[in-house]
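So that you can tell them apart, the chains are marked A, B and C in the order they are listed, and the count of residues begins at 1 in each.
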């Protein structure tokens, strides 16, 4: 089975299963990541109500913990949700948005990782380097100026320490796991970083693949391929980042085996 | 006057009146439901600040209480807002998002309904069946797998108990009231459930019609017809759910008497 | 240097500098204003976590304080953020969303203005008149029925009292400062008020210009020109407000010197 066939097999499984995915996520991307999850065939629910975390996790196929809105009332739900996910064997995808931009954004994912094992950690280079403890990372808000390859060592260190896979988004995506699997995913479009929340969308799409693929490296890799493919298809129709966002959802919704085969560019 | 003429009469009245509509709603759909309300000619305000509820309700033509974000800080504003609406005779449209997915999502709308009379309750089949107390409803997050017709008895029971109208959204919408009025609204597009928050948008549009039509059954029916019409017009121009969402607003904004007459499909 | 040349010089500077802009803003517009800031070349971060305000402000080129979500947990971060901005010399753009619609919405910006100096205040006519203390303003939620020229005296009074510039958005925008500079900006599109949050977007764009132009009047004027230009370009391609929003981002992203020169309509 080729990589492209495996990616499309998983997309088909998501569409058939329509898994519930709980996201504790930031208020910039609730709408857009819900739309991306619906477009790929999943069933999103967004919540940070601590009272319902255990019940919602129990009906979820995967959980997204995204630290973009780092306010107390959001963070309070994360540990209980993750504990429930541990109990039910539900995979958790962690997105340390803005790690390095403030102590709170650095320390909160570290505290969660000290207590729980992630299925996938997904971030940009500076976020991944920050939570791996690499110094000298220039904090630039929630964006990253570093390329994903610069975070290769940090990603590897995180995977070895916490298990699961680590995906670093950038012009080229990098995916690694503790067993030594490593892949670079090329493609996409330079317009993508000009749309807010496409990184958070990659995290949500990782969660969708986590519901149908028990190997975190493959789930993360397939998510990155799907993002790059949809981005490339959308960019070909788009004069700018505004319209791209809508074509991106449509590309996810309509993605077929030929789309994946034509756009997949993976280097191992 | 035909149904289509009555729907368009109400749309025209909304455009002329530009009613303020207060929404206590979830953070997934604040932007999209505000855009839908603006597109149809209303004037949205989103708030959950309990200190201002009485004042904002006093200048509002209708109030949306949407339980999608069920966190304490959102829910705290709902009873005070509804109490102010009761005092001022402002109609309230209740959307029990995700009822059945957690005890909190089931009990919160029930507690509100124990204290206040809704003008319209709008939900999907599983939400309506849950708050009507029907057992055996499979909780699937905020989506519903059941068709709206399956919720006919539940909708009728709710209308009889609480007054007002009940609208059940689905492939076919169902609208009932306690006086025995009953209508099914056909049309729309299979793409619509792939856009997040179009159910919440239907609730917001119910509130817009509630400002110009004192009959809750007619207001709900006209809202459902408007949603199906806009969805059908938008889908004809759309390759997927992403672009559909934007054409949907444009269809609301441009909707004329001929559009309604051509797309309206009501069965009584 | 013509006005158009100065506007485009500043746009170019924003694109080169990619300044971090912190927004404490409302949950209706987090996504759309982040997209507008990315489209013009800035690097947005949205937060209301009081614990990180000082650190995020320290890496920001400008701060947006937008009162659209007036709930306690949002407002709590505003004074600390502004105090940090004062300390670091970071310009603050204040948007008193809905001032006049409730005492809370009127009093909160007044309390902030009693403690801090704004670089720019941007609002619609009724908001500006309200916080200038003009009576008899009809509160209509977050919309304004008054034209911006009606707020000329109020804008002038605010500029004299608090320093900086005041921008009043409307069919025609009005920009003033305490030194007596005054300009009207024409153009745009009647579709723009039918898109939620384009006023908040104007505030965010004011912040982007504040990072590259030390004169608050020029920064506000250039932001208004950029908004009208992008709106006009987008409207020419749009059948309604839905599609317009996306073309608007694309127009910001692609804006060149010729676009500005052709669309700029400033009266002094």
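One rule holds for everything that comes next: contacts are C-beta pairs under 8 Å (C-beta built on N, C-alpha and C of every residue); 3 or more make two chains touch, one makes a residue touch a chain.
Since the structure is predicted, the reported quantities are computational estimates derived from the model, not experimental observations.
For the sequence-identical pair subunit A and subunit B, what is the superposition rotation angle on Cα atoms, to the nearest 5 degrees?
120
I want to confirm something about subunit B and subunit C. Since they are copies of the same sequence, is their interface symmetric in residue numbering (over half shared, so same) or not (under half, so different)?
The interface is built from different residue numbers on each side, given that under half of them are used by both copies.
Just how far, in Å, is the C-alpha centre of subunit C from the one of subunit B?
32
Please output the residue numbers of subunit A that touch at least 2 other chains, ranges allowed.
Within subunit A, residues 27, 31, 73, 245-246 contact more than one other chain.
Within their complex, state which residues of subunit C touch subunit A.
That would be residues 18, 20, 22, 27, 30-31, 34-35, 38-39, 43-49, 51-52, 55-56, 59-60, 73, 245-251, 253-254 of subunit C.
With touch defined as at the start, can you tell me which subunit C residues reach subunit B in the complex?
The touching residues are 26-29, 31-32, 68-73, 98, 101-105, 139-143, 193-197, 238-243, 245-246.
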